[in-house]
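Read from first to last, the chains carry the letters A, B, C, D, E, F, G, H, I and J; within each, the first residue is number 1.
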Amino acid sequence: MSTQPSTELDTFPNPRPGRNYEIRFDCPEFTCVCPKTGQPDFATIRIRYTPDETCVELKSLKLYLWSYREVGAFHEAVTNKILDDLVAAISPKKMVVEGDFWVRGGITTVVEVQHP
Amino acid sequence: MSTQPSTELDTFPNPRPGRNYEIRFDCPEFTCVCPKTGQPDFATIRIRYTPDETCVELKSLKLYLWSYREVGAFHEAVTNKILDDLVAAISPKKMVVEGDFWVRGGITTVVEVQHP
Amino acid sequence: MSTQPSTELDTFPNPRPGRNYEIRFDCPEFTCVCPKTGQPDFATIRIRYTPDETCVELKSLKLYLWSYREVGAFHEAVTNKILDDLVAAISPKKMVVEGDFWVRGGITTVVEVQHP
Amino acid sequence: MSTQPSTELDTFPNPRPGRNYEIRFDCPEFTCVCPKTGQPDFATIRIRYTPDETCVELKSLKLYLWSYREVGAFHEAVTNKILDDLVAAISPKKMVVEGDFWVRGGITTVVEVQHP
Amino acid sequence: MSTQPSTELDTFPNPRPGRNYEIRFDCPEFTCVCPKTGQPDFATIRIRYTPDETCVELKSLKLYLWSYREVGAFHEAVTNKILDDLVAAISPKKMVVEGDFWVRGGITTVVEVQHP
Amino acid sequence: MSTQPSTELDTFPNPRPGRNYEIRFDCPEFTCVCPKTGQPDFATIRIRYTPDETCVELKSLKLYLWSYREVGAFHEAVTNKILDDLVAAISPKKMVVEGDFWVRGGITTVVEVQHP
Amino acid sequence: MSTQPSTELDTFPNPRPGRNYEIRFDCPEFTCVCPKTGQPDFATIRIRYTPDETCVELKSLKLYLWSYREVGAFHEAVTNKILDDLVAAISPKKMVVEGDFWVRGGITTVVEVQHP
Amino acid sequence: MSTQPSTELDTFPNPRPGRNYEIRFDCPEFTCVCPKTGQPDFATIRIRYTPDETCVELKSLKLYLWSYREVGAFHEAVTNKILDDLVAAISPKKMVVEGDFWVRGGITTVVEVQHP
Amino acid sequence: MSTQPSTELDTFPNPRPGRNYEIRFDCPEFTCVCPKTGQPDFATIRIRYTPDETCVELKSLKLYLWSYREVGAFHEAVTNKILDDLVAAISPKKMVVEGDFWVRGGITTVVEVQHP
Amino acid sequence: MSTQPSTELDTFPNPRPGRNYEIRFDCPEFTCVCPKTGQPDFATIRIRYTPDETCVELKSLKLYLWSYREVGAFHEAVTNKILDDLVAAISPKKMVVEGDFWVRGGITTVVEVQHP
């Protein structure tokens, strides 16, 4: 398996497709770049979802989040894009993505998006 | 872009207008002046909203909160005014503003207002 | 304005009477006297309310709570009385008063009363 | 008033019978004996209730909980019995009793029972 | 009683079958093996349930969780299996099992499954 | 034994006079009156000492601290006086008294005095 | 091995007698009886020591602490006695025993004794 | 007494000049202005000192800290100046001033200066 | 590089051998087996050392700690052995190993050993 | 002033060169790359120093730490290099740099280096 940043998200079959249950990830090692100033931004990305037929594979999620390291991304847009990509990859019954960005100008920003 | 206190709130188009989601700001560096005694007051302002067509720009929010530095303002009135100004600027689907004021006379005051 | 304990509660007009919103006070400096033993009791009084036409003034609330310093008062009764007095003074849309009393006989007691 | 362990629970008239409100006790000094091994067990007992016509008296509650000190009692059974005894004594509108037992075999157990 | 890892779960009759109440276990000493890498995984298993006619016995639960020590198990699958085994053993009215797994690749995973 | 505020401090013989050891009290229920404004002040009094031939009795310490309830006392002076009174009563090998006063004018004050 | 309260402390040979090192125990399940009122007292006992030729066995320490369950014991005396008994049993190079007793009369008491 | 910002520090005679003891203030409501950008800075100022013949008066300290509200001041310089002014006013036996400034550019700064 | 449990500890040259500095590891995923009962034990192992000419390699440390998974080991002995093995591998200028073991019989045990 | 990553560290004259005092920075937004795997590493860098004739400028410190974003760096080496670069830039009387790296392989690493 690769250890390069990757925009692909690997999946595996839900081991218990008949049951509604929740999977939560806490990813404190997220960094991207501010599109306006070019300076690095840092965030904790929190994901929780109810799988349908597939689940997202943990290592592939790590490589996917790594792929934002050189990408210019506004707080609101990047949190929505992570949700869109995850929904496209595994079509979950429901999913919430929360981007908890570190303080800028004395203000902390959290963006919380959900599907559907 | 200016770095002066400003009562204007800049906005940008919601990057994902078709989706209901929440943006939260935590602003611990708020200060205004007590209208009765002239002495400084301090608060943390917490804002959370669901954008409709526009979002509030972060740096402009900082300058807006700065504009209260010399303004006489009662706890209840100022928290309502911040909500009114933000609603006027971005017409959010819904918004909550919480002013968490530091202890006076041994008592801590929190004012939480919402729209609509 | 007086700085004596006082059973009167001053009020001021709600600055935004058309909006439902919440005001919360945290008052950790409350003391009264146990009616059975005559020994002092201590509590944190927490108040939250939705104002109708008037709000309670902060300094007058401090003097009001001070007025219990020499008063014999059971936990359950005094928390109800504080709520009754505040409701009589400002007729709030709704109000909750919580008396969080310090440990006696190894047991902590909290009394939480609400109107209506 | 006695200072002996006692299975009797004293009561007093609810000072505000027309109002629904909540009383909460936090009792971290509870100990009984494991019926299987004879070894001591320790727990925090948390009680919250809405009184009807009578309230439970605090000192008598302390003596009541003390009465379990030499009693063999399983976690599930003793928490239910405390609720039953309190309900029998004061017929509350509703009541919750939580027994939070210290770790045994690497596992912490909490039992939460309610009436009605 | 044995002190060997065991896949059997002992039960005892619910001491208060006519009442809906909740039992919660917090089990921070869980370890199994990653099926892909063969390396050990660690988790806290949290269980909460409303018993019907039987309850699960605490020591037997400890031995049951111990039985995973050499077992290869994915996070999502093992949390579902623990729920299935507990449901098969005691047919609870409802049950939630939460597997809170330690950080791998910078990401913490929690799986929360429920019955029914 | 009395249950009135009292300026007398009862003592008992040190059960282990040949050994240097420390006794610590944490007394969060202290209140006195500001000599300038007449308004109540609140503090936590922390005491730690190495006894010589006598120890201070716990209940008598409670009644002694209670005796300040109506007394006008500046932060610096009252903390020194508590130390002086305790030293006079039990002649400890060493003693530290810390008065941790609640916020006034946005500022918290701690006074820590020691003997010898 | 017995599972009865016991005043005997079992020991085992220090596995590394040539090295100075520290062993610490945190025992939150201690209870005894107040000699004056007959009411139960609760404490956390903390022990730390540098072993010489023998160490204290963990299960025997548990049974030893259990033996105080029906014993009348003042805070200062019982903490000194636990130290004396442990020193008599294992002659440590040095040892500290801390008894952290729960609040009585609004005051928490900690007694910390050491050898030599 | 004035309620205006003031660079003067009032003092009062040390009530116990023969004893070495410590007074500590925690002042979380400090704000000044960045000399480079003109934007507001926020800090908690912590002061601890051993008085010699005079102590600093609490209300005057509040007004003194308030006097920085419109002053341009670098973190390192302002913390040193507060120490210098306090030393000039009360000639303490020793004093420490700590300026704990809020995050700028993702970095928190603390400056701790002492006399002598 | 292997991903098997291993009693070998890999090292690398100290990148700054002329400077005294400290490296600290916090390893919460340690498990071994109680030699008396055969039941699993869990601990956090904390290591801090001043390197001389070599440092311990992080992944090899992980595999080394893993090697205790099936090993019977008393708390005091295993903590000393981990220190001995690390000292043998890298001859540090100084090193401390702390084994923080989970509660058994209601008692938490910490063993802290050092070299030299 | 630039807003690019930069290996240069700007300085300014110590505003109070005759006094020994301490400046502390807490920089939680540090990231570099593991030289072995190419994967990103994250750390909090903590710096504290006593300035001699010059101080390090805050914004330039931010840009300096940013310059490691694409650099391969082992934990031990990079923490030493940051100290070396800061010492070369400002020749402090003394300085400590602490690199607190996020968990890898279940183990957290902290490296703490000092000058002189």
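Note that in this section a contact is a pair of C-beta atoms (placed from the backbone, for glycine too) under 8 Å apart; a residue touches a chain by one contact, two chains touch by 3 or more.
For each chain, UniProt lists the protein as follows: A, B, C, D, E, F, G, H, I, J = NADPH-dependent 7-cyano-7-deazaguanine reductase.
All values reported here derive from a predicted model rather than from experimental measurement.
Shared contact partners of subunit F and subunit H, listed by label, are B. Same interface as F-H, judged by over half of the contact pairs sharing residue numbers, among the pairs B-F, H-J or E-J: H-J. Of all chains, the one whose Cα centroid sits at the greatest distance from that of subunit A is F.
Under half of the residue numbers found at the subunit G and subunit I interface occur in both copies, marking it as a different-residue contact.
Centroids built from CA atoms put subunit J at 30 Å from subunit A. Computed from the mean C-alpha positions, the centre of subunit B lies at a distance of 46 Å from the centre of subunit D. For subunit D, residues that reach two or more other chains under the stated contact definition are 28-29, 42, 102, 106.
Screening every pair of chains for touch gives A-B, A-E, A-H, A-J, B-C, B-F, B-H, C-D, C-F, C-G, D-E, D-G, D-I, E-I, E-J, F-G, F-H, G-I, H-J, I-J.
Against subunit C, the residues of subunit G that register as touching in their complex are 42, 102-103, 106. On the subunit C side of its complex with subunit D, the touching residues are 74-77, 79-80, 104-115. Partner subunit J is touched in their complex by these residues of subunit I: 14-16, 19-29, 51, 55, 58-59, 61-62. Subunit H contributes residues 3-4, 28-29, 31, 37-40, 42, 66, 69, 102 to its touches with subunit B in the complex.
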